[in-house]
Amino acid sequence: MEVGFLGLGIMGKGMSMNLLKHGFKVTVWNRTLSKCDELVALGASIGETPAAVVKKCKFTIAMLSDPPAALSVVFDKDGVLETIGSGKGYIDMSTVDHPTSTKISEAIASKGGHFLEAPVSGSKKPAEDGQLIILAAGEKALYEEITPAFDVMGKKTFFLGQVGNGAKMKLVVNMIMGSMVNAFSEGLVLAGKSGLDPHTLLDVLSLGAIANPMFGGKGPAMIQGNYSPAFPLKHQQKDMRLALALGDENAVSMPVAAAANEAFKKARSMGLGDLDFSAVFETVKDLQH
Amino acid sequence: MEVGFLGLGIMGKGMSMNLLKHGFKVTVWNRTLSKCDELVALGASIGETPAAVVKKCKFTIAMLSDPPAALSVVFDKDGVLETIGSGKGYIDMSTVDHPTSTKISEAIASKGGHFLEAPVSGSKKPAEDGQLIILAAGEKALYEEITPAFDVMGKKTFFLGQVGNGAKMKLVVNMIMGSMVNAFSEGLVLAGKSGLDPHTLLDVLSLGAIANPMFGGKGPAMIQGNYSPAFPLKHQQKDMRLALALGDENAVSMPVAAAANEAFKKARSMGLGDLDFSAVFETVKDLQH
Amino acid sequence: MEVGFLGLGIMGKGMSMNLLKHGFKVTVWNRTLSKCDELVALGASIGETPAAVVKKCKFTIAMLSDPPAALSVVFDKDGVLETIGSGKGYIDMSTVDHPTSTKISEAIASKGGHFLEAPVSGSKKPAEDGQLIILAAGEKALYEEITPAFDVMGKKTFFLGQVGNGAKMKLVVNMIMGSMVNAFSEGLVLAGKSGLDPHTLLDVLSLGAIANPMFGGKGPAMIQGNYSPAFPLKHQQKDMRLALALGDENAVSMPVAAAANEAFKKARSMGLGDLDFSAVFETVKDLQH
Amino acid sequence: MEVGFLGLGIMGKGMSMNLLKHGFKVTVWNRTLSKCDELVALGASIGETPAAVVKKCKFTIAMLSDPPAALSVVFDKDGVLETIGSGKGYIDMSTVDHPTSTKISEAIASKGGHFLEAPVSGSKKPAEDGQLIILAAGEKALYEEITPAFDVMGKKTFFLGQVGNGAKMKLVVNMIMGSMVNAFSEGLVLAGKSGLDPHTLLDVLSLGAIANPMFGGKGPAMIQGNYSPAFPLKHQQKDMRLALALGDENAVSMPVAAAANEAFKKARSMGLGDLDFSAVFETVKDLQH
């Protein structure tokens, strides 16, 4: 099975490697073409432009950093729209807001192409390990055709109905996660400032009703001030903002998410946007003006 | 081994039953004495007053609902102070603030008695199943003597040093939990209002980095509007308040916990204080004035 | 002097009436044309479409409810763009976000027209009394030409530089106001629930460092539960959202505004969006689920 | 008329000077006695202890920094309780929580003395100018006797009924003020970061519905980073905390006040507690970790 793959960032690289390792023929494109080298060494072909990738492949998967990048790859010169058409499928796995997803969906459909949005839950490690959770929505027939690729990249795929539902589900999950990492950060600082050992807090948390992989996985690194980006803070904050906008649209008041979002914004103002989203921990510590 | 047990509420009942089932001789007391019947049927003795229980037993465990109750049992007429003394140990497993714990500790010490605070993490079910996490602090020697009882009531015990540290650790854990149940509630409502199935959200969450027993255990009941109290909301809000006060004392700003606390207060104003703390979910739904 | 006037809502009606009363020749248009009747009775002409108004008048002022309305009047069929051109000025006094303002500005300029944004501070009463504060930005020459009209509608006009600055200043002011009405509401409820007379609170506030016209003007009505819309809550919430988005763009963390915004959203979910923005008071009272 | 005066801090000094200037005979006491020198130079007598002052004077006024100081002056050795009794009145003008006020009231009454709480609204300048707002509660007869002194220190006095009501009213007012100074700070930073001149924002605000003396009085100094303490931030934060506790007691959810309180706590953690409360402005600016 041959697939195109647009976007080789933190996530896309791991995902496309898994496709290669499992025998897919993969044609890759990245804005900075040099990032393709490692994939080429593993057997991937290169497409010069998004349009060229789509022209060559029946199915093209995209994994881009944000809504502007997702739109650019489709609508700009040499973009997906130039070569998409009847019999071809475009699967956007980027995390975008639902209006962006809908806009792309409609443009693809207007050219006779097929569209699926399929944002993922999971960051760098699950992407590398093929352990993502895939939240697909759009055309059911395309969903069924592309399932073999999803099976290689993820541990579980949900089909959620109409386009936009994948984006929305992703935002809801990430919003909860963003509030949780703030709650966790507040707890770690409170423990330390109150004379408790934050490592003991991790042990206690690991045994109780709120034990979860994120606390266990990120806690020790956070205590050490290590924020290598598995999921960059600026992207997490973007997801909080989009989730809050979705709540605004539906008149859902979400005071905890709103407070968490402001903490992420504070972190951005401190220059932490490119670090892991767990760097919001720094905002809870003593700061200087 | 013979122990006294003061307080047979949601938690105390399960805990004292586990002591009985594992061969401890238990003398129980409860403000409403009729609540002792079930324990007596299983072999417990009754003490007429806290003082009587302490007089009879070398070790007395208390599990009371809040700081005023914890203080009353010790300082009021017929209270623990009247009979505690050299060679006797008092183990308070209630969740109280650290000034309360310290006050009790000093009073017990002034009579020559020994003191351990040992609040627990876990609610009704873990109490019944002997699966609590016990956060002990105070006199190390008493801790070692009472360990057999802890082993029956809990799955893991931490010894945290000086009196107050158990209370503080408990508050930190519950504060994180309180913020999390709010984040979770906001996500559930946002999902529903955005056209997603909240049950699918539970499935997606169960597979990802923030999967945890609380989401899995409480989510389905919350969606149904079922809030049988495992841990009453008013007690959760009390713990948020005390944790925020601990933060105030140490100049730790905790905006997410503060927002969560206000949601719990809103729930209290709606008459939900005696339901499970997950009833904060109701505050996120559409309300009427 | 002849001016066109698009939009006769709560604000636009008072503003256009002041122009008429001070001798301006005014041609009005409103989506629901029947709303023009009162103005016609006072001597206004009617334009059938925005394009018709602009064709007839050298200067056209617009006062529309939100960004979509402001865009629609310019870009839709029979819109401003069809007839704007060299020698004509378009002054948009609606409260919109700065991207909207910029988009309109560029479109007008591309046709050779002149543009000024001029959002106002002040609601129904100041609009009727010609006591608005006008926050103008854009082409300085047009600003000078239209000053006679501004003098009639407002008590003070600021020229703030490039297009977008008027919109931004307006959002900053409304954001502060939105947080203040929440703080005030919380104080009124806290007073009442604590056994104090809310009217006495108004008296105390009126004498101190935070005395301001809004507390004095709205307080008595709020206590009575009277929320006749001077400035509809849904528009206030829109301004909070836009101000927070401006903060997001510039990495400014604003936790108090964010909390206030969530309260306005809660009010919207309670069906209070069309009432005065002071109806956020209802969210602080006891609610039912 | 002869009065005692306990506490010569920022507020007490101005207040007692006004008494002296208007012909009252004043006996002063301060923990650091050297602070009495300036008053003595103006004609005041010195009392060696609170007990000595009360022994000498029919009426004694206290103006202390916080609840512990207010309690200490009454209950400690050489305190008010030792000499208060029938025919003597004690007027506590400190800002304390209502349980503190009630505790003092009951102790004074148990000795046969008379009590009035009379916290004030207003800081350094109004204290010096005799322009305070006085929120009295307690014994009506004492209120009437002490009115001549109130008239000299304040521009308006309210009698609010039973002891505790003065404290509560003060907290409500200060809570609103604390949220407002945060809203104002957020607006100033947002303006500056968005390319607007913060001084123009002050001008715009001064003309509109939310114009108030605090914005006008503190704004220019805040922009310059000048926070000479008229009302220290740590005391403002204490009042927010007590107001939130009053809300907790009455199940009033106050999310905006809670967010403002966390900002003040952040300011404390940054070492700004002794500056003016407007220094919370610093927390909104870009911070470093």
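Points worth noting:
Going in written order, the chains are labelled A, B, C and D, and every chain counts its residues from 1.
To be clear about the criterion, contacts are C-beta pairs under 8 Å (C-beta built on N, C-alpha and C of every residue); 3 or more make two chains touch, one makes a residue touch a chain.
Chain by chain, the UniProt names read as follows: A, B, C, D = NAD_binding_2 domain-containing protein.
Please read all numbers here as calculations on a predicted model, not as lab measurements.
Distance between Cα centroids is largest for the pairing of chain B with C.
Set side by side, B-D and A-B show the greater C-beta contact count at A-B. Remark: chain A and chain B have CA centroids separated by 38 Å (rounded to whole angstrom). Each chain gets one centre point, the mean of its Cα atoms, and the points for chain A and chain D are 52 Å apart. Shared contact sites, meaning residues of chain A that touch two or more other chains, fall at 247, 251-255, 258-259, 262-263, 266, 269, 286. The residues of chain D lying in touch with chain C in their complex are 121-123, 126, 133, 135, 155-156, 158, 160, 165, 168-169, 172-173, 175-177, 179-180, 182-184, 186-187, 189-191, 193-196, 200-201, 203-205, 207-214, 217, 243, 246-247, 250-260, 262-263, 284, 286.
Against chain D, in their complex, chain B makes its touches with residues 237, 241, 247-248, 251-255, 258-259, 261-263, 265-266, 268-269. Partner chain A is touched in their complex by these residues of chain D: 255, 259, 266, 269-270, 272, 282-283, 285-289.
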